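The data blocks that follow each hold one structure.
Same chain, two partners: chain A is paired with chain B first, then with chain C.
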Partner chain A sequence: MSDSCGNPATETEALMPRRRKFDKTKICVKCKTNPGSLIIRHAVYCKECFVPLTTHKFRRSLEPFVNAKPDGPRRTALKPQGNLLVGFSGGLGSTVLLDLVHRYYVVPDKALIQDDGGSHHPRHERVWKRVVVGYVEVCDAFPSMVERMSDVRAIMEGYGGFEFVPLRIQDAFDPCWWKKIGRDPVNLGVDMTDEALKLLRLEESTSPLEAMRSYMASLPTTTARSTALQTLTRVLLQYTAQANDCSHLVLGTSLTSLAVSLISGVAHGGGFHVREEMQEEWTADQSSDREVDVAKKATKRHGLRIIRPLRDVGMKECGAWSWWMGLKVVGRENWEWPGFKPGIGALTKAFIVGLEKDYPSTVSTIVRTCGKLSPKGIVEGKCISCERPIQSGIQDWQARISIRSRHNGDEQAPFEEVAESLSPFLCYPCRITLTSRSTRPILNPFPNSNHDVSLTPLPMWTGRVLHPPKTSGSEEGDAEIVVGRTLARSEMKNAVKEFLLQDE
Partner chain B sequence: MSISLKIEFGGGLELLFSNERSHRISLPTIQPDGRPTNITDLIFWLRDNKLKERPELFVEDKTVRPGILVLVNDTDWELEGEGDYEVKDGDEIVFISTLHGG
Partner chain C sequence: MKTLNERYDYGLELFLLSIDEGITGYRDDSLETVKRNQQQYDMPLKILSYGELYGWTMDAIVAQIGKKNNCTFCGVFRRQALDRGAAMLNVDHIVTGHNADDIAETVLMNIMRGDIARLGRCTLICTQGEDTIKRSKPFKYAYEKEIVMYAYFKKLDYFSTECIYSPDAYRGHARVFLKDLEAARPSAIIDIIHSGEAFEVKEEVKATQKLQQTCKRCGYMSSNELCKACTLLEGLERGLASAAITDRGQKKFAAEGTAASTENMRTIPFFHMPVGQTVDVPPGNVSSAPQTAP
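Up next is the complex of A and B:
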């Protein structure tokens, strides 16, 4: 089949002319004196100008959001309401972030801080009294990933001035960790064999490690596993920040990583969370007209602002910073499982990184454009899995786009049911994460584990907003419970058989 | 005649090269086809002689994989002509991986 457009005037072997890597000259565009050392989106910078440029981008993305009220036209002193939690993954972005936070807010680096004065200037007093670093070790979610906790600990000790809070990914399923941060644990599980996602109360017999592995093994696709791991990590950090009375959580997402997460987020149904992916305000207590179990250490005086201060700093700039500042990068292995097929995130990353090499400005355009988006729709509560807004009407929309039947809930559940369905409490991307199906079978990464898909454990935070149904005689006990499910082929045929024409 | 180069790896890329961050190597000044040795030749030499595993994580399409920053004497290789830069005795070439996330 010919790929030609049919225009006889074109050259068949013509290639798009390659744009020069830099505009104008090789002299630094800022000082116009020194020879350039680095090209950033076609602009040439010397090393001396690169450092203040990067720190300015970092502070510009963070400092306007330090005070409870974001800065207006007149800049005031930096007075956050709580402490600072730095999310550290061992990757390049969070390594650079940690370094910048240390140089500016822990042990101010005189060489770095320009004399630009102002009462808000960090040299006058420490902005955050406590700076906590949270690291989530994820190696246990993979059959053969090397643990990096000791390397990370060594980096913390090298810096000094940080409080280090090590976490493991299975803490999300650990009632002890949940109690430690002042909350009452409820062990919940979900039936992943049923698209209705029946919610069950589990007995506390599995270890957190087994529970986490069971959860990961139950997820239907590689994309779902990667997404779930990112969500578990982020929400763990959010609750840790809240437990440490932090008003700010900063993450080391660079411009490149942000473009990847925005595009891949939209690709797997997270378009409604485009704003949250860039920056969000979070409070742990979900607004609800039911009773909620309030944390024993109630810190309702302020919420948590989640900021990505490197959102204007590309991966290349992070690489240059880490090298010129002599930073040790622990590294973060790719998230690969046995029989690995790349998920949406990995494919998006490959695309964006390739795009950045040849067309570097496109990546910043992606982020700027997404920053202008304002998703339509009304918020209907907070997702109990990812703690982000639920878009109103998605259940009805899903029911309209697929054939479903209703059953009246007469079937006796083998375990205590907490709710007929988890779906009303999930946002769309989390629902897709749990229910999407792949045409290719996906291997269980832990074949030796005792894993029952119909009793998949859920993270601890899902339990705090749901309450078990009251005993018989309650005002809710006699209400009709309607649950949707996908019809089998034979059922679909039965529904339309009287309208089918007979074969003659 | 040969030229001596100092090669450094950063950002986690050293894991592919026996976990050694710094290497000293010697390359011929002229390639068999008569042209001066350039960085592309260096990249292939490293792949064939120093890389211990996963060559696809270092080389792609006759150059370094996208996401690897290359500095020649502390300067972005894009300012020096990328793979066509002809290496000189005493040059320091740094390969930094920027792929290990945020």
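Up next is the complex of A and C:
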């Protein structure tokens, strides 16, 4: 029969030999008896071995950091100083994370946890008194995005045992939310038409939704909008964690996602934050009475530990876990709008995921390499936008490598100027996010909205710029005062004439 | 370099140094450009070929090992060839035309392949070890576009082509990715360089890195008894080139090291630092290595 459809002998030879996806055998490398069901970086695993392998990786990345004093491979009982916040996005990684947290720390799954040591053994005590799940709904950021809050709520109700804290991305601009978590709201804005980023106090109160959309529309590139959404989401979760007396915030960043965010962070100029990208300990500035009380109660309390327990579990393994455990993945909306072109984050994701198919060890190599790096230089403070450290001397660095001009500052600002410039309070990536432009025109996602780029609202937490924490090295008057003006062509030529070569 | 040297009376004695990898249809064309440069600038030119130094051209290497992994040989051989060419010219400073795009690409490449030692030093403008000639990259912050624009307006000879043996190399993927990033946000290139300058290798990791020594066979700097170029060359000579690329093969060769008989086998001439080379003395001679499509 087959002969009638051509010459099979010839066609067999004409085919390229298929590259084997596994190293030696189809039998599971761990138990060496069952046929394998999944290939992870050339090694074959059966389902029975895959489950303990994944849970081991999960616990190995989380449990050594639960106690106040990180103790490496855990020997003692887990006694965290506060509650746990799980950051949930609806994506694959956070769905798997939520499931694992539920199985281990909310309703212990006896199939996974060895029941030894007696029923009253400290091992069987509940680790975190409260496990809170924070979900940030971003559907209002761009048009045509579908709201998934009800789907997420249904998942939480399905699990049981979690406290659900629903948030919206515009909460970052909402004075009521800011008050609710015990802080004093200050409406600040920034003039985005000028690279100096002049700070303004906004008297008119717009709605949080309008403020958020105005902020997003003012950002100069697609990359900046995606980065801003990520940052807003993360910082919202951090403040929520703090408001709920959490000592730990866990995020569902898989090995693949971590490699993407590390490379993407490097491409954003965030080399100084490589360590934070993997794991960080964050402390909010003590600017409210409530916080001071908390600080008094527990003077030895560590900051909020932001941990990515799936950092050793690849996207493929997350997919397998989700499939075998029958989890429902709500999915994450693509952050796109009419005329959207992919930014650095989307390009990096496409590149790394594509690379992982041909070079499966690349993501692991990226994460391991970045784990061997530490920030270079002195920390100058904390960025008021992303809450991560500011590297000292970045303004000098920028001035040294490029010729920069500033706009005329003669025009009267319609609002009170509260500081000359936002720049000294921003880390390098955040500064680039607000100022770096593209040759591609960027469309406003909401063309009918009236937003003024010179009066762009800022997230509520930037208000602490008015009360910067005093550090030993800083004194009043240290802040940069930028008196800028537009340079004429002749002045610019004078400045560089020494370096111009004569025409032949 | 020549214009600035004359205008500001740097007092530098400049040489042109070019490496001929022996790739027909790639390097032979660019070498014609280099020879024209020699005429235009009236500077002494040294062309050092892989054939002269190692006894193998890249064409011959590819004929033996195929197109896979040939970039490993080319990269290792070129680095040594530059130092050896500079030593032959008795210069004490090499400047190369690596631009911002090249540096950004190298930062990404080193992260992706886990080359922690190079990652720690690839963003330095100036590098110098005890046993190497000082190297500088004055175009570190200049975009490739700026350099092409300068060459265009100044009507300079500029040669750029992709190596015929590396169209699918890992570096090629990284370069395409970088160009996409630049299109999305032009500052991405300089931002990657900033990132590279903002981190360093942890002290505890540095402590585990191998100490630098000199190759027992050729005298060039090495982290093993045999340097990588000698290992690769030995692999070629013994017909085991592919084995020499792997870590296991390199360890095996290094273990055999100097004990292995080098009779009937081509080896690299012993490396001597240029006479009078010291770290403190300001550079007298600068070798301007023409950089075409790195």
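Operating definition for what follows: the second predicted complex is superposed on the first by the 408 of 504 C-alpha atoms of A that agree within 3 Å, B and C clash if a C-alpha of one lies under 4 Å from a C-alpha of the other, contacts with A are read in each partner's own complex, and residues count from 1 in each chain.
What we mean here is this: contacts are C-beta pairs under 8 Å (C-beta built on N, C-alpha and C of every residue); 3 or more make two chains touch, one makes a residue touch a chain.
Here the structure is a predicted model, which is why all the values come from computation and not from measurement.
Engineer: Name the contact category of A:R234: first (chain B only), second (chain C only), both, or neither.
Structural biologist: neither
Engineer: Which partner does A:K26 reach: the first (chain B), the second (chain C), both, or neither?
Structural biologist: A:K26 contacts chain B only, not chain C.
Engineer: Just chain B (first), just chain C (second), both, or neither: which does A:K382 touch?
Structural biologist: So A:K382 meets neither chain B nor chain C here.
Engineer: May I ask you to decide whether A:V329 touches chain B, chain C, both, or neither, giving the answer as first, second, both or neither?
Structural biologist: Touch partner of A:V329: chain B, not chain C.
Engineer: What's your read, chain B or chain C touching more residues of chain A?
Structural biologist: After superposition, C is the partner touching more of chain A.
Engineer: In the overlaid three-chain picture, which partner chain does A:L38 touch, first (chain B) or second (chain C), both, or neither?
Structural biologist: first
Engineer: Touch check for A:R183: first (chain B), second (chain C), both, or neither?
Structural biologist: Neither partner.
Engineer: According to the stated criteria, A:K341 is in contact with first (chain B), second (chain C), both, or neither; which is it?
Structural biologist: A:K341 contacts chain C only, not chain B.
Engineer: Where on chain A do the contacts with chain B and the contacts with chain C coincide?
Structural biologist: The answer is that chain A has no such residue.
Engineer: Considering the complex alone, what residue numbers of chain C touch chain A?
Structural biologist: That would be residues 3, 107-108, 110-116, 119, 141, 154-155, 170, 173, 177, 180-181, 183-188, 190-192, 194-203, 205 of chain C.
Engineer: What residues on chain A touch chain C, complex-wise?
Structural biologist: Residues 221-224, 262-263, 265-272, 274, 341-344, 347-348, 351, 355, 359, 362, 365-366, 368-370, 372-377, 391, 394, 397, 401-402, 428-429, 432, 436-440, 501, 504 of chain A touch chain C in their complex.
Engineer: Can you list the chain B residues touching chain A in their complex?
Structural biologist: For this pair, the touching residues of chain B are 10-12, 15, 66-67, 69, 71, 74-76, 78-79, 82, 94, 96-102.
Engineer: Using the touch rule from the top, collect the residues of chain A that touch chain B in their complex.
Structural biologist: Against chain B, chain A makes touches at 21-22, 26, 35-39, 44, 47, 89-94, 251-254, 256-257, 310, 315-316, 318-320, 322-324, 329-333, 353-354, 356-357.
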